Amino acid sequence: MLGNFQPHAGDYVRFLPEILLTAFGIVIMMLEAVSSEKNKLRLGVLSLIGIIAAFFANFWSYSESGPAFQNMIVVDGYGVFFRGLVLIVGFLCVLTSFSYLEREHAQSGEYYALILFSLVGQCVLATSSDLIMVFIGLEISSIATYVLAGFLRDDRRNNESALKYFLLGSFATAFLLYGIAWTYGLIGSTNLEEIRRVLDQGQRPTVLAGLAAGLMFVGFGFKVSIAPFQMWAPDVYQGAAAPVSAFMSTGPKAAAFAVFFRVFMTSFHAINGRWLWLVWGCALASMIIGNFAALVQSNVKRLLGYSSIAHAGYVLVALTAASQIGVAAAMFYLAAYAVMNIGAFAVVSHIAARNERHVKIDDLAGLGRREPATAALLAIFVFSLIGVPLTGGFFAKFYIFQAALNSHLVWLTVLGLVNSAIAAYYYLKIVVAIYMREPSPATEQLPAPSASFRVAIWASALGVLFLGIFPSAVLSFASASASALR
Amino acid sequence: MNLWLIPFFPLIGFLLNGLFGKRLSKSLINMFAIGSVAISLIYIAVLLANIWPINTPYVDHGFTWIQSGFLTVGFDLVVDRLSAVMLLIVAGVGLLIHIYAIGYMEHESGYYRFFSYLNLFMFFMLILVLSANLLLMFVGWEGVGLCSYLLVSFYFLEDYATGAGNKAFIVNRIGDFGFSLGIFLTVVAFKTLDFGKIASAVSTMPVEAGISTVTAITLLLFVGAVGKSAQLPLYVWLPDAMAAPTPVSALIHAATMVTAGVYMIARMSFLYDHAPFAMHLVAILGVLTAIFAATIGMAQMDIKKVFAYSTVSQLGYMFLGVGLGAYSAGIFHLMTHAFFKALLFLGAGSVIHGLSGEQDLRHMGGLRKVMPITCITLAVASLAISGVPGFSGFFSKDAILSAAYAKSQWMFWLGAFTAGITAFYVFRAFFLAFFGEYRGHHHPHESPFIMTVPLIVLALLSAGGGFIPVLGWLSPQYPLMEHESSVAMGISAAFGIIGILIAAFIYVVRPALADRFRTAAGPLYTLVANKYYVDEFYFAFVVRPLEGISRFVLWRGMDETLIDTGMVTGLARTIRGWGSLLRQLQSGSIRNYATWVLAGSLLVIFVLGLVGGGR
Amino acid sequence: MSLLWIVLLLPLAGFFFLLFAPRDSKSPFFITLLATIVTFLFSLELIAPAIGNGAQFSSVIDPVWIHSPGLTIHFHLGVDGINLWLVLLTTLLLPIAVWASELMIKDRPKNFFALLLLFEFGLIGVFTALDLFVFYVFWEVALIPMYLMVGGWARARRGPVAVKFFVYTMLGSVFMLAAIIYLYTQTGSFDFVDIMNAVGSGHVLLSPTQQLLLFLGFFAAFAVKVPIFPLHTWLPDTYTNAPAPATFLLAAVMSKMGAYGLLRYSITIAPTGAHRCASWIIPLAIIGIIYGALLALIQPNIKRLIGYSSISHLGFVVLGIFTFSQQGADGAVYQMIAHGISTGALFLLAGYLEVRRGSMEIADFGGMATPAPGLATAFMIALFASIGLPSLCNFIGEYLVLQGAALTHFSWAVWAAIGVILSAAYMLWMYQRTFFGRARESVASLPDLSGRDWASVVPLILLMVWLGSYTQSFMPPISSATAHLLEQTSMNNEYRVKLAAPKPVQVAEVTNAR
Amino acid sequence: MHVDTVLFVICAIVSILCALNLVVQKHPINSALSLIGVMASLAVLYLLLGAEFIAMAQMIVYGGAVMVLFVFVIMLLNAGGEKASHKSWFAQIAGLPLLLALIGLLAFLIRGVLPPLRDVNFGSWVGGTAEAIGRVLFTEYLLPFEIISVLILIAILGAVVLARKEID
Amino acid sequence: MVPLSWYLLLSAILFVLGVAGFVYRKSVITVFMSIELMLNAVNLSFVAFSYELRRIDGHIYSFFVMVVAAAEAAVGLAIILTIFKNRGTLQIDEVDSMKL
């Protein structure tokens, strides 16, 4: 009777990226113990290789797409897209981490291992088709991230950010879990398709479905940091090391959004009349809180933290649209946001000296004169965050709001666009600093940018411009795979 | 024949002198300047001879200037009997004054600049005269204004000169405002700007009783004329314009440009004939200006100012004439006035030249011995302007006054009285300058040959100009009104002679009387001497308020405070305020955050569980 | 390789080429100058086809740019009588700006030249775009380099001024973006030509309400850019503080973006909305004319003064557009070009003054005519062009605009013409205080225009005279294009007004929007 | 009065009281002990619901391992009682009403909206045997079971990274 | 004869008490324990529901929850240790250096 539960090759192919990541993570863990101080770099390279391997495995799994392991996961275009996205995020973050770890004299082995494991969790999230996998994937990615946030255990800001993230994260997870419990009790199953099927029949009391959905909304909303669950984001991003913040604000967030959309667009589609208004409000609130509060920030990391709230709001607009285009738009947006945000954080971590002393906007002053290339790229990232044409940020916003208007969300669109114009104000403070002011002490004694850092920001910049100028490829893939979420 | 060649020659002169004048020798500059005008005068003569007698207007269609929708404006020029007269006046007097200027400007810096400006003026003036449509006329109209500005502020180191220049241009702009509105309304009414087409269109219309389109057009155009020809209330720029070198005053501010208004009305007579109300207004304003300016002229001490006000007054006469429908009379007076007023100015100029810049009558006197030619020519001019029978002024002024005599008595009497005043102040100036003892401290000397020749020529014209049969010549275009009343003749002539006698009595026979009169007049005299304080009035009630409102109400108040600080910065500040309010949520305390999550979860559950309805 | 490709991409190519040029040498200048001049020469080739085609678009390029299920965008560019001269204006003024920058920009010249090229790229794109998406893209692309130029080289208050300029414009343009996307959801296309056909043929019906919203969306962006009173307060700050070449370009070409957009898109796509709003836009335009003039009257700073004067001038353009009359439209377009040249020349000469004196305060000058007669003369000519002296360029535009206004509604012309009086007042007064009078010792030794400087001024002066005295070389394509445009406008308008009475069913209602 | 009613009532009351105690106690150690109480009583309830394995795991994993860890850490850091602080005023003020609202809402949903479920009587269903659990765990839930090992790996790694002393 | 809804009610009460502990306790460790309490409450719901459904997936869930809880405990306590090392306190309100 075990026969029909016997996993066959296809299952492993579909799960290959996670397997590879885990394997590499373990290997790195082992090597860390034996390798000496000077060849730590190898571990980094090794993790890069692991990620690349997983990336190709991801493509392979796409060719074998379908459910695996008794519908615990399902490999579809949607899942593959997000797996690829988080892998790219991981790649860029590892690259940016090289010089950071070197600077802080932190033992790098665990760091890379943790990143890989956290990626495992995010890949699981991206492809999970059962709430149990959602729960476990979320925990894997989160716990790894908690540790990364507090990685420098002697740094008070790291501790604090880790504690805040950990306590509040678990708190929110409890809500999510309670929601899962109710879903289970209501439906009798936790398979996403199954939930949809049952709810579509409509015998179940939609009020309790609403309760379940609401409790899960709290959990997801927290992970993607949308109002009213956004509080933690600025503190944590400010406290954690810049590369980690870059990672947290893009990878886990993208994965959480992936599953957020999957659950609400697939399972709770039947009751979307109940949650659309809520999402509408949360989207607007997130944009307003994020942008307005960012106007008065002077710390770049904290500013980016607030901006990440606002961007989560934009993505939520796509959920409000509740349409194929909306999903595709959200996918594109998260991709664009990932590259531009990592780029920005990377430059910040380059400017910030040991113990991240220089993370104020004023510390960026005169970068344009000291390091023209870095400054130019940072400008590109910032303009993309603003949403200036020919950058990924613009096209992402454009596509999101097109989806919104397709669903007649006129006012949300107008308010969102006005928000993005207001946001320009604080983003431009960065451009003003780097190009229109005299060099600051921070930029005066700037170390030469390391090769890995250069690769990272150039790659991010190219990504931004590619998504902005030739979005067709990504867009087609996104809108094709968006149909996975019926 | 190509009419465009007429203005073309002066343009060439302008370009040559303007571009290269700095490097050219004086003789070359003279050659270009004088030559260009002379050539175009010759060309005019040849042209007129060719198309003689000009029974039908000779139109020369140039290129299309503006073409938009139904509206087409071409660079079209026309010569008819009217513009023929005008052409001769402009080119002829212009030439004389150019020649005179050679002598007058000899020692001035910016010699080439002066002549290039003069040529440019000739160009625009000829365009104005020749133009066959309103817009082209407007080009000349504004162009001569430009030249007047340039020449008035010729001594650009002196603030009074540049100030006068600005005043001249801006006041003219006010007039042109009306003129341009007239143009717009013409297009609205007739869908064209071509004189011929308008005339044929209007000829079918009835004469308007009250105020209606055609009247409105004519009135608006007249506003332009008021500005350009210095009538009430826009005359104020002309006296100041005397800051220009004297030849300029003679050419632009006496003989040609200022008469453009009169020319324009004559040119547009087909419209004015249909707007009796406008005609009446023109006449009234003309006669009022005549007397008003004349009274001021009595009390001026600057010789050029005297003649300036007399110009204003004489222009008033012309407007009276055209306003009464006696277009030919107006044009006739325009011509004679061009002669004798140019002569007056040139004479004054030669006096000033002889006194090396002195203009105040109080520092002259007894000059008849040292500069006889100037004295004699000036005497002729004075007699002419006073309308002494036989001299040119007599015939033209008489033509106008007899028209008035027929049309409206009060205008006639006013005009006649003005004639007396005119005679008085002109001769007052003449006697103060040439009789009595020399009161100045320069060494007067007669002007050089180059200057006196034009004086003599103009003197001959002023004397005999009355016998040029302008009225007859124009009669096909402007039918004569057959009421040569001997009464009017007599009265006006009498007034003139009386005026001369009084002047002679006061300033030659009993010089002491003058001061006694002055003291007796007291406040009245000061009022007049200060030109009725009109300038002060304008400054206090137009210029100052405008500037004050702009600076304090609009700029500081509206623009900076209300819009920029209020709207723009205010909005930004409000948003930032919201921002600093919202950041208070981030108290940094984990427990608060948890409480927020709790609140949020409540909201979510509530909305999802209990509120949301089906979509 | 169509001609328009070359004209569009040459500046961009120059930009990339410049990135690799050595920093501290003359070569950036020469590269930029070469690129811009060659661009200009090629752009001359655009004239013949544009005139030949009359109202239709010529030298069109239309490849697919973005293609994905549910969204296809063509990179559709083309030239007709309206944008032809604007493109040429751009390509002509850029070399002049480069020429002047080499003298006026001493700090990081390479960056400045690079930005100039990027700016030209964006501007040509804005003027030739025939696809609303492409238009918006270029609209912003042109903004960025200008923002960086203003901010990076401003003489004072760099950050604030630049940010104000950027955010102000951005706030306007997002509404346009919303309108563009909304239009797409209604018509299923971003392509201007397609949309006009669909709307004209009645395949797509936009209810008056929708049109109103669309129009206001576009208007918000264009009104800020023009600028229309009371959205103008970014202008004086920016113009005053920006480096001279940037101000020159801002006033000469960039200010045309807004007016061009109004003419090309607002009134054609949403004619009903336009006609409704004309009732309050025209008063605003007239207020702008008089208001700008009155404020120019008392400005203590030359650049600020010219800035306010151009608010006044552009008021004429807006007035002309919203008279919906042939003369008005022609005049508006002509006025755009004329203003570009005359005000451009004024700012250029102001720049030369600034280089010499190091200040723009009128109080710091006085008697400049004595040490610098050439400069004084050139300034005088540009000045008279700008106050609309007949036979110089601005007169034609202003006359036609006012004539159009008079034909539509005479009192508009009356009010607007007041601005003409005031323009003489403020300009001449400024000129008197700056150039006339005895030279103070502070300016007595300043040099006159060098031959090198003349080289940048003379073309402009010649154009002033040419545009003013022989309009036939420019007007015919403009007229035919505007005629076609107005015909579309009125047709669509009547069509909709007819259909609007019983509200079309297939129109997605705006009211059910969340 | 049936026996499992009695048991339920007792355990419910005990668990609620212990939970309350956890919330009101100022010293962590007391809270820890009361939490253990909650867990014990919950274990009984699991038995009543026929979940033998979970009951055992509850006692061993939770009551045993996890809580011991807690107590150990508390002792290690000899964490004293709490000091009063006036930060997080929002929690102090808004906390109680929000909590009451939440419990009210849940109670309403459970009692009012939830359709009637079966009654619990001890022994009527004993599905939760170790064998059954094991079977399902290695068939349907194979992947979660495997992948959760990564979680534990991370936990170990994280604990090591964060808690170990600097060697160098 | 206990209606199952009582169990659910109990779990709800415990859950809310856990939340209360998180909101009101000032010692980091107690706060952490409150989270454990919430997880326990959830477990009760799982088990109760699986009793209703006569299926043991609920048990599997609660088993996984325990594992996760254990893992969280390890990491969480480690984080708390670092906090204590750096700040010498466990007062949660003192950990608010990053705000606004």
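Each chain carries a letter (A, B, C, D and E) given by its place in the written order, and its residues are counted from 1.
Quick note on the criterion: a contact is a pair of C-beta atoms (placed from the backbone, for glycine too) under 8 Å apart; a residue touches a chain by one contact, two chains touch by 3 or more.
Just so it is clear, the model here is predicted, and its values are computed rather than measured.
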Inset, instruction - From subunit B, count the fewest steps through touching chains until subunit D is reached. - result: 1
Legend entry - Identifier of the chain whose CA centre is least distant from the whole-structure CA centre: C
Inset, instruction - List the centre-to-centre spacing of subunit A and subunit C in whole Å, with centres computed as mean CA coordinates. - result: 42
Inset, instruction - Could you grab the centroid distance between subunit C and subunit E? Build each centroid from C-alpha atoms only and quote it in angstrom. - result: 64
Legend entry - Rounded Å distance, subunit A centre to subunit B centre (Cα mean): 77
Legend entry - Between subunit D and subunit E, centroid-to-centroid distance (C-alpha), Å: 6
Legend entry - Residues of subunit C whose C-beta touches two or more other chains: none
Legend entry - Multi-partner residues of subunit A (at least 2 other chains): 132, 136, 139, 143, 146-147, 150, 153-154, 162-164, 167, 171, 207-208, 211, 234-235, 276-277, 422, 425
Legend entry - Touching two or more other chains - residues of subunit E: 8, 15, 18-19, 22-24, 26, 31-32, 48, 50, 52, 55, 57, 60, 64, 68, 71-72, 75, 79-80, 82, 93, 95-99
Legend entry - Contact pairs between chains, per stated definition: A-B, A-C, A-D, A-E, B-C, B-D, B-E, D-E
Inset, instruction - Going by the contact rule at the top, pick out the subunit B residues touching subunit A in the complex. - result: 572, 575-576, 578-580, 582-583, 585-586, 588, 590, 592-594, 596-597, 599-601, 603-605, 607-615
Legend entry - Partner subunit B, residues of subunit E touching it in the complex: 19, 22-24, 26, 31, 92-93, 95-100
Legend entry - Touching residues (chain side subunit A, partner subunit B) in the complex: 163-164, 167-168, 171-172, 175, 207-208, 210-211, 213-215, 217-218, 221-222, 227-229, 231-232, 234-235, 271-278, 288-289, 292-297, 422, 425
Inset, instruction - Can you check the complex and tell me which residues of subunit B touch subunit C? - result: 63-71, 135, 138-139, 141-143, 146, 149, 153, 156-157, 159, 162-163, 165-166, 169-170, 173-174, 176-177, 180-181, 183-185, 187-188, 546-547, 549-551, 554-555, 558-559, 563-564, 567-568
Legend entry - Interfacial residue positions of subunit D with respect to subunit E in the complex: 2, 4-5, 8, 12, 15-16, 19-20, 22-23, 25, 27-28, 31-32, 35, 38-39, 42, 45-46, 48-51, 53-54, 57-58, 61-62, 65-66, 69-70, 73-74, 77, 79, 81-83, 85, 87-88, 91-92, 95, 99, 102-103, 106-107, 110-111, 114, 116-121, 125, 127-128, 132-133, 136-137, 140-141, 144, 148, 151-152, 154-156, 158-159, 161-163
